[in-house]
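Heads up, the next two complexes both have chain A, just with different partners, chain B and then chain C.
On to the complex of A and B.
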């Protein structure tokens, strides 16, 4: 098993770069999965918009009523009346909607004049539309009471409006076979795992295989009285063990981070199968790249472009749900797309039936198909090269 | 002599294919990936499009004429269209909701009920619309009860016609958060100039590289050699930045505002900062090239991470919890300079950024100068 031992000696030498990827990954997945809001809700809730009210008119009952109404279900952010600060807040979505109330608004409104509030919003946005709707509703109801009953004081008017606007439509939340409890945290961990697996595997596998493929070293090895079949078998065994070890390490880490939730998760076997299939895909890509690339400096470029590219296009970093259909169609010719798709489906599982798990197994099989295809191409290339060299 | 060093150096650097990849091709590739992944985000997550809703066909719906008229009014195709209504049977409505073709189902029998399958913005709009209908009906009922003789028809006609919200902007720029990724990408490109700076300082120090030893026995004044190297790397790197900028603007269609001159100035200052940073690192850590490069990449990427290259929210957190970081982090300063040009009309904050960047570059240059001046080598 000399070749096998040599395999791991080379691996040890390239270990530091692997550790860098691992550290980056752990950092990223902790930040992102910690950042995910886990809104497990039982019933329907209206969407909360972050908005700010800049009141230049003073604390009048009408405006207090409007602000109170807007703060129901939405999140009011306290911002100073400073143009640059407001633009900052809107650009970085601290708020999506800013209401500017000019001085004299209340008096003119109560006098029956036609007045408007200024609203600064993300142009053509849904949140903007929704907030417009709320403000229009409040003020038009107030106007209705004002016109119909001019004798009302401002307080009475506000009370009447508030009473009216408390009427709500009943909403039923209908559950189909999908999980409405929000996506579990660890699903995001598993999503980013695609990146670290592929980046780590390409870099490490290629580094090792390229060492073995150096022309002089290879010629020397071919002279050795060890059958080529045995050499190849030992290298293959090394690759296999490394792949399983990487996979097991990442899975182990997920158990450390999300232990209980993960163990009680019904989709766990599928989660494991999916990641394992992708580990094989990563191995096959590493194998393919090593058969194409000859220099170590080019390798770092290629491995970065391939791993980042696959992950960006296939929806590892940005959810598939918000990518354009054209990109997704193109991405479906890449294995990482099927990995993420299966992962998303596992995350939204509510019940395990053959109807819901069928597509997931299909996605996993497609990944295995990709792996087989990459291996075949790589084997073909190496075979061609060997024949060519001789 | 300066020109000789300059042209020689320029040739030398342009032949470094690996560095060209990292400083030119990598930002271009990353920009393309950003565009593919984020290109559609605003349209899908934020842009308003009429809400699709199914109404269950029933006797109750046919009898409630007021509601039907209201639905008709808000589903007229055009600018103000709120809903896209399809009137279908109960089972069909259920199928549409399950497959996600509609966001909600309306059932009318006396009162209106809404069925949805998830909580979301479109569902909230739908609910707000139905609430409004119920609330208006209640308000009119109440007013009529209080004052049966009142003539409300005029009021009701007016209602809904008067608009109380006027869309205003603080500046002409569209607040597209995703732009920050591209601003940050350019900041990364600028700071990757540090690779050139690192190479310069490696190739000029006799105790670090063989090339440095050879060059230092030449009778060229050291300052001429240093400045020639610096000028060559600056020219090359600014050219690279302009290519990346041109790619972002003309191929990917990213908007950097209209102030071309200032955008170019930012590229130049950013490039100077990047190169001087790399030079300083090269002078500070004299041995072990591998470690220096790794350290440089790690520091650069960390600074870019803090400027929002990987996730834009980080900038909000930094402004909230550690605002001083955004004044000393070159990547954040470059990103913010592009942002200011895009969003603000006044240049106060922009020039503050550029000023600090110049200060940081000056510090790096001074540091490098102090570290390698008057070095004498007894043996190497």
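On to the complex of A and C.
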């Protein structure tokens, strides 16, 4: 097992660069996980907004009903209909939202015209959007009753809307012993793991394989009473052990960081399977790159370009949800896309059924397909080169 | 017979690298493959080691056909490549241990062999060094140690002294002779005729993939008409005196450039005495006098019409 032992001695020499990648990864993961944990939603409180209604239409039942609805949970402030006063009130945050009801609004609304209410609000504020939604909800419901029952009087319509909007239902949030809601924070760790796996694998595996594939060393090994297949088997075994060790180390680290949450996560086996499949993909990419690259000096650059390029386009750093369909279509030809897709699906798993887990296993199988394809291409190139050398 | 190569033909496309090349090497010899760069020495070695497929011919080592899977033969061969083939990531000791371990499984025995190899090439003070920290000469010595650590019966050294300083070169050549004295058969390829003359008991001169001549250095020098070359520094030699020198016994040619007289002689004794007697008789005063025996370069020159390093 001389070749196998030499494999790890060469690995020892390239260890510092691997450690740098690992340190960067841990740093990024901790920062992102910290952000996610700080943003965790663990309760709900209704927002109370200071708002004013400037009624230029008169005291109609519809507007009375709207005003009553808006006053529920919010604080209505009485303001005179003076534009300068209104602007001051908004500027000094006396109110955050002012509804302006123009004259004739009720008649036009009841007549079926498409009318809207004007509003003055703090630009881009959440309270502004919240009040917009409340008004829209009230008017939409009123519009619905008006369309459904044209014979209703204004009072009846207002009463029906008030009754409708008063209906509440109790909501129970089911949790699987996970403290946070939404995407668990360790899912982000596993997402960034794609980058560190691929970067470490390309750099380390390529360095070692390029050392063993140096023409002089290769020829020297061929002079020894050792079958070529034994040399290749020992190198392959070394690569396999290194891959499993890297994967296990990163998984172990995730347990250290998110132990309890991770252990109670129902999708853990799929999370592990997904990362292991991607570790094999990374190994195969390492094989492929080593069969193409001949110079150690360009290896670092290629490693960065391939790992960062793959991860950026596949949604490791940028959520797939905000990527354009064109980019996603292009990314679907890359294994990292399927890794991220599976990881996101695992992260949003509510229940484990064949319907919910099926697409995840499909993504994992596609990754394994990519790994097999990359291995095949690498072997073909190596074989062609060997034949050429003869 | 240790190596028996018959009618070896190797083509690289249209280029004929080995043209019916034959070679027989007996046990205990230091055999030299001499030829200019591109003459086919390394191709011949690569074919002998089954690193290259050849088009025609047979190769036997230790009386058995040599094939890529002839591991029992490979077990007894040590190879020192033209280019230094070591791991830059491993120390001197680890490198020697690695290559020795490809042949010797027993760990204790290997440890002893590695120590012996380190001492043999004089790298005791550098055992923990990595190759990139070694000078060119030390690197070559490491290359040799990696090739001979397992004490092979046959050692093939392919231009092991390329780009090595004279001191390291002498050390390497002495080491090779020592290996031969310990019982190893040596095949030594080089385009440095001085090295081949210095250590080889038998030599094959090759060019363009062909064997031009084979024999001991004395036999090879005996094959050519040219013998020793005499050089005398002197002034005022007249044309008729130069003609008279050309007519002296055993003189095959003479040139004079105004300061230096060069006289080529065929075999025969007292050529120098006869020449100096003539110059004294003509009352010509002369300075330094050189007498050079024929070299392998002269042999190569006469056979091919060109110098070894052309």
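Throughout what follows, the second predicted complex is superposed on the first by the 246 of 390 C-alpha atoms of A that agree within 3 Å, B and C clash if a C-alpha of one lies under 4 Å from a C-alpha of the other, contacts with A are read in each partner's own complex, and residues count from 1 in each chain.
In this text, contacts are C-beta pairs under 8 Å (C-beta built on N, C-alpha and C of every residue); 3 or more make two chains touch, one makes a residue touch a chain.
Since we're looking at a predicted model, the values are computed, not measured.
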Which of chain B and chain C A:235 touches, first, second, both or neither: neither
Touched partner set for A:141, first chain B, second chain C, both or neither: first
Which of chain B and chain C A:84 touches, first, second, both or neither: first
First, second, both or neither for A:13, with chain B first and chain C second: second
Chain A: partner with more touched residues, chain B or chain C: B
First (chain B), second (chain C), both or neither touched by A:221: second
Contacts on chain A seen with chain B and repeated with chain C across the two complexes: none
Sites on chain B touched by chain A in the complex: 18, 21-22, 26, 29-30, 33-34, 36-41, 43-48, 97-98, 111-125, 127-132, 134-136, 138-139, 142-143, 146-147, 150, 152, 155, 158-160, 162-171, 174-177, 180, 294, 310-313, 315-316, 319, 339, 343-344, 349
Residues of chain A defined as touching chain C within the complex: 2, 5-6, 9-10, 12-14, 211, 214, 216-217, 219-227, 390
List of chain C residues in touch with chain A within their complex: 46, 49-53, 68-69, 71-72, 74-75, 77, 79, 81, 83-90, 94, 98-99, 101-103, 146
Footprint of chain B on chain A - complex, ascending: 20, 28, 31-32, 35, 41, 44-47, 83-84, 86-88, 90-94, 100, 114-130, 132-137, 139-141, 143-145, 147-149, 164-165, 167-176, 178, 180, 297-298, 301, 304-305, 308-309, 312-313, 315, 317-318, 321-324, 327
